[in-house]
Amino acid sequence: MILAKVVGRIVSNQKSVELTGSKLLLVQKIDRHEKLREDVHVAIDRVGAGSGDVVLVGEWSVPESRNIYQDNMSIIAIVEKIQNDE
Amino acid sequence: MILAKVVGRIVSNQKSVELTGSKLLLVQKIDRHEKLREDVHVAIDRVGAGSGDVVLVGEWSVPESRNIYQDNMSIIAIVEKIQNDE
Amino acid sequence: MILAKVVGRIVSNQKSVELTGSKLLLVQKIDRHEKLREDVHVAIDRVGAGSGDVVLVGEWSVPESRNIYQDNMSIIAIVEKIQNDE
Amino acid sequence: MILAKVVGRIVSNQKSVELTGSKLLLVQKIDRHEKLREDVHVAIDRVGAGSGDVVLVGEWSVPESRNIYQDNMSIIAIVEKIQNDE
Amino acid sequence: MILAKVVGRIVSNQKSVELTGSKLLLVQKIDRHEKLREDVHVAIDRVGAGSGDVVLVGEWSVPESRNIYQDNMSIIAIVEKIQNDE
């Protein structure tokens, strides 16, 4: 999983069925000192994240229909604290 | 999922069976200000996207035959607006 | 999926069972103007590709044995034309 | 799998159900001479790893619920020695 | 799949159950002229590879327990010759 910061949102009406009702957030990768990196992704929110939150982003595999799977990048945790030990 | 822009199309007659009938679009990664980045991919269109559209690209796992799966990069949404909060 | 060019072949006698009989081609990533990039991969040919061909490379998940899957990079289409719209 | 060093820990209360009770460690990629590289990830500890340990990080696919899978980056081994042969 | 060279071995006693008895080799990515690149990975040997061998590295998905899968990077072929056509 990667550390990222929520930096915006995606507005889309024309999308595949399994995305219906999903909140699509714009997340930007951060390093362990919360400095923004170049990589930007779109992730489905699964934990009630909002703009400015530091989050954990992982992959989900969701069935679209019989035997067809879609891999979705998802926000799976809101990070309260990054504890750096060295 | 990544943000990308449709920049062209792939013409192919000799392809594997599960690609038959698929529209193969050329997509180029963009950053959150819609600036084109270096990464170029080919994605199967699943939402009626066309040249110039800003799109969301994800992975689909489709059964080719009994117990054999193919992971296809697919366009799963057309983006109307990228809302940048910071 | 990525765009690549077939630039060679791999000779291997000592390989895992599910690769037996597979033609292993050396493919090098290209950009949308067919310029060679640094990334080199080995892909199983599934469409009769040969040296110099521009191809589409994707991932296949093939069962090795009961409940064990192997993800193989495979050539899934020969590209006749890359149509650049911008 | 990649070689990494445990450099910290993630504190999170608001997370998806399947992460409940998991120890989330901050790992930084290392090269074969144990020099730290740029890539930082968050991994679920499965072997009792702690801060400063050199570890092996791999991917696990865990069912979240019926037919929905989550891919988790996990620490699957503590490395005692990296034996460099050349 | 990627081309790599076996450059060492990993010694680990504390590891997850499904790695028990596996030979863990240190592999470094090479280009098509066998020049070493920066990327270093750890792969499970499945074909009897040893130090100095040029090998093919792929991904395996192995069941850890009921419905839980682990993706392991594995050595799936020993390369005798890289035939460069251009």
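Note that the chains are named A, B, C, D and E in the order they appear, and that numbering of residues resets to 1 at the start of each chain.
Simple rule for what comes next: a contact is a pair of C-beta atoms (placed from the backbone, for glycine too) under 8 Å apart; a residue touches a chain by one contact, two chains touch by 3 or more.
None of these values were measured; they are calculated from a predicted model.
Can you check whether chain D and chain E touch via the same residue numbers (shared by over half) or via different ones?
Both copies, chain D as well as chain E, present different residues to each other, with under half of the numbers appearing on both sides.
How many Å are there between the centre of chain A and the centre of chain E, using C-alpha atoms for each centre?
Going by mean C-alpha positions, chain A sits 30 Å from chain E.
Between chain C and chain E, what's the gap in Å when you average each chain's C-alpha atoms?
One centre to the other, that is 19 Å.
Considering chain A alone, which of its residues make contact with at least two other chains?
61, 69, 71, in rising order.
Classify the inter-chain contact topology: is it line, ring, star, complete, or other?
ring
Under the touch definition up top, go round the ring from chain C by way of chain E and list the chains.
Starting at chain C and heading to chain E first, the ring runs C, E, D, A, B.
With touch defined as at the start, can you tell me which chain E residues reach chain C in the complex?
Residues in contact with chain C: 1-3, 31-32, 46-48, 56, 58-63, 69, 71, 74, 76-86.
Touching chain A in the complex: which residues of chain D?
6-16, 19, 24, 26, 28, 38, 40-43, 51-52, 61, 64, 67-73
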